[in-house]
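A short write-up of the structure that comes next.
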Amino acid sequence: MSLQWQGVFPALTTKFTLDDQLDLLMFEKNLRAQLEAGVDGIVLGGSLGEASVLTTEEKEILVKFAIEKCNGIPVILNIAEGSTKQALKQIEYAKDWGVQGLMLLPPMRYKSDHRETVTYFKTLAGSTDLSIMLYNNPVDYKIEITLDMFDELQECKNILAVKESTRDVINVTRMINRFGKRFKILCGVDPLAMEELCLGADGWVAGLVCAFPKETVAIYRLVKAGKLEEATKIYRWFMPLLELDIHPKLVQYIKLAEERAGLGTEIVRPPRLILAGEERKAILNIIDEGISSKPSLPDYLNL
Amino acid sequence: MSLQWQGVFPALTTKFTLDDQLDLLMFEKNLRAQLEAGVDGIVLGGSLGEASVLTTEEKEILVKFAIEKCNGIPVILNIAEGSTKQALKQIEYAKDWGVQGLMLLPPMRYKSDHRETVTYFKTLAGSTDLSIMLYNNPVDYKIEITLDMFDELQECKNILAVKESTRDVINVTRMINRFGKRFKILCGVDPLAMEELCLGADGWVAGLVCAFPKETVAIYRLVKAGKLEEATKIYRWFMPLLELDIHPKLVQYIKLAEERAGLGTEIVRPPRLILAGEERKAILNIIDEGISSKPSLPDYLNL
Amino acid sequence: MSLQWQGVFPALTTKFTLDDQLDLLMFEKNLRAQLEAGVDGIVLGGSLGEASVLTTEEKEILVKFAIEKCNGIPVILNIAEGSTKQALKQIEYAKDWGVQGLMLLPPMRYKSDHRETVTYFKTLAGSTDLSIMLYNNPVDYKIEITLDMFDELQECKNILAVKESTRDVINVTRMINRFGKRFKILCGVDPLAMEELCLGADGWVAGLVCAFPKETVAIYRLVKAGKLEEATKIYRWFMPLLELDIHPKLVQYIKLAEERAGLGTEIVRPPRLILAGEERKAILNIIDEGISSKPSLPDYLNL
Amino acid sequence: MSLQWQGVFPALTTKFTLDDQLDLLMFEKNLRAQLEAGVDGIVLGGSLGEASVLTTEEKEILVKFAIEKCNGIPVILNIAEGSTKQALKQIEYAKDWGVQGLMLLPPMRYKSDHRETVTYFKTLAGSTDLSIMLYNNPVDYKIEITLDMFDELQECKNILAVKESTRDVINVTRMINRFGKRFKILCGVDPLAMEELCLGADGWVAGLVCAFPKETVAIYRLVKAGKLEEATKIYRWFMPLLELDIHPKLVQYIKLAEERAGLGTEIVRPPRLILAGEERKAILNIIDEGISSKPSLPDYLNL
């Protein structure tokens, strides 16, 4: 299956054991659930994957393991580095490990300007023949990839998609008005996904899919099949859960949801801590209420 | 025609003559275009109506004139006052003048807290039997009418709708999840209208409608008829114009659009000034490009 | 005493009786305390004066009453209007009533741009020979009076001072570097006053002075006399109280402080409500702790 | 000389050669200028030091080289890591290399909450006997170290100071009011330094000092000697330069200033690029104007 940047791409969490090792058993269990639900690719090493606490060795293990299990469903690696040199090295590794695509964030820990951001992306894209999706998230990472930057980046033939996380839904229409079909647009903010899919987004880099794979894929497929009413019903049910995706503690929240759904554990790496007290109770409440009121899904895989 | 808080409600601009009087001739011309296009009500004295520079006498003239011309299409007056006492007086006037509904902003020039905001709205709503739409615009007016406030305001039987201008499209789903059909939801942000209508909003308090009445009503009717593809085509064309609605100078921009569309003049009241220089050129460009590339509309009035 | 825009200028609260009339007795009591403490002028009709709920008639009464009691200490009226026409009218009234100076806010309820803001101020300043202080408060009123605006406004000979409330203390040095002594700078943010006075500000348009006139004037005089250590001791004690000045409910907080200090009452006008519950308790705590630990003051009037 | 967290601590830039190696010659030249000017310690690997593009090996070289040249003037290393494990490792290295103190940022790339931030700092502080200054910069790094966090962190006996970069000068007084002398306060925002020193800050972690060491130390010493007028004169001259410290491109700006002052070069590491075009011209202008109008300094080392 070739990489189309279309459909549902779960940004998977990284599963850890109690003694802080990779938990590949649980990782595999979750992965299988994603594949069965009908996802179109998976993203590793994203914010949800706790990229900033993984070693290069661990990324290698995760990537190779995932590729082996994915049966051709594309595996994407996120590149989020502070120095251009480090980013180039990570891209080389990723290629060696066999990924089919890359997600690229702007430089970490430095608010690069227009020229620097474009140069950074051109340097990275020029170093590889892998297919690339830029990750546009000025809310969490400060740097907005503006339309004028995309304009300059059109010359990079392997930059083919954007994970649209500006939280400004108008941006979908702006991108289409300016670039037509040049860049595939994948919504990167769970609680805005249906709005953006209705207006022409091509896919969804999803978060709560980690715990609710079928419901996520169902919404995508229903909207694309023009069945808005059915999609809306699921989306409304889903909303309190989807909103967990736009909180600084999305990793902990989604891992807790995975545990309740039987698809993961709560374990995180410091500086993150497992939820506690009132906060854990409040989030559990939202999760359990969601699970106990799950809507029945239509046969979305055969629309 | 009774007031349903559903459909398209233009927030009309106030037309002035060169010697700073109300220009009722031009006002009527625009009004007729709105009615012919199929709007469901009109809003006077909103931000777009330059409320803050109108005298009470002028509001009376505008309201009475509009009611006379509207043939039963509901006329709504916006109430935006700094003191509760003044607001109560304006509501009394509005009732006397014959309006069919009110739009209420939170107090002006003071960031009232939860208790004060709820008390303000309850006091106002309790003083009248007119049907009320609250105007929820924390971006421009600082005070957000939160879901918890709406919860308390449910007891006011005549508070029936909200002009949703939080710019957070998720709020449509949140409101529906919490209150079902208790409050009608009208999108108050032009470039988010289609997204919100797709997700269940009941109407659209519109701005660019002042210059483009048919295109605005067409989008609304097409979405409600499930014709997303046709609506999207118009909406994408419309977007650069619709974005003029979310700028501090929306009044000047929209008045310029009205002039180019033959439905108004550029004249504003100080402190606002008529656009000049590069800015006027840039906005004219957007407007003229929009006018020259207008899409043909389907027979949207008979869907 | 002529108006020097130098020293301490209390922005007085407006006292109301229980039946919502002006409470001139209490107003006078407070005024006397200010004069005895050594203030250099008073400001009426500011944000603290609940300007947005006062009628023109009430402003007239307050102004004339204050002038009569002030024995030549300058009385300043704040002008905060939405339309240029209304502002011009208020300035004319103010002149008739006998004020010695004006404080001017940018237009209310409209975020005027550079050209509009400058035009507004020039129009107003050109209409009168009264001495003027601009009120630069982009935090609460959105419009920043930038250095480039001040540059253009230099031609207005009666614009002589600025109430610096940008909350950016660097602005004091920027103004002095660019305009030398052209504009007097009065700090308008209580908890930044000493920092700005140390760096060259000429005065302090103060808030907590309403309840603590002597302590406020003492800090000003001590800093100007180079007695930083003594000033710092009072300022540190004062800080938890001074911070009440930068909260949306500063009016209620300061009125509560006035009451505890025997210089006012808690009564406010709707939409403002008297504090209640936990919030009132917390603020009372701060106030009472301040009152019970008042530092003894040096003979600051004879430095 | 033992580490007192008092006085001027330059946050040094890292000098690179044209072929992207450490430029130790230039580094030494700058270091000597700092020592001669009378600084009280130096900070390596801060934001200004381009920490995010340095390897561990390079940090080791820099630290050891600096210690050798510093003759006992304390050398501080900044620790800014994404994972607790990495941070612990870096601290161990720093100790081995011989630093006399640490500057600690909250976790990178994750907005940890109260509990996680405190746990992170306690874990780090508990792992070492090195003296620690926390770096409180919510503007650039999102996480504010609140007063309540400092309260819990009092139990860590080696957390002795804070680099105060909240840009809220009131925080100096708040910290002193709550903790007395428990934490030394060093201003971390160049254009707020004099304000905070006047109000009781103990030192200044400085940026423009890299290019203007004498002027920086002079201001510090003059303020501490009560010579406000002399200090103000220098500070006002210095302000346009000091403001370069609060821009995302502070590294490039300050390196350009160093070059013009004969104390460094413009060379940076990607993703940073050397300034170009209009921006470079504008910054050069500020720098050259500053250099050509340098005030003469009093004998500040012998006050």
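By written order: A, B, C and D. Residues from 1 in each chain.
Keep in mind that, in the parts below, a contact is a pair of C-beta atoms (placed from the backbone, for glycine too) under 8 Å apart; a residue touches a chain by one contact, two chains touch by 3 or more.
Here the structure is a predicted model, which is why all the values come from computation and not from measurement.
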item: Distance-maximising chain from chain D - centres being C-alpha averages; value: B
item: CA centroid of chain A to CA centroid of chain C, Å; value: 52
item: Whole-Å gap separating chain B and chain C, where each centre is the average of the chain's CA atoms; value: 37
item: Chain A, residues touching no fewer than two other chains; value: none
item: Graph class of chain-chain contacts, one of line, ring, star, complete, other; value: ring
item: All chain pairs that touch each other; value: A-B, A-D, B-C, C-D
item: Touch list for chain C against partner chain B, complex; value: 51-53, 80, 82-86, 107-113, 115-117, 119-120, 123, 248-249, 269-273, 276
item: Parts of chain B lying in touch with chain A, wherever the complex brings them together; value: 169-170, 173-174, 176-177, 191-192, 194-196, 198-200, 226, 228, 232, 235-236, 239-240, 243
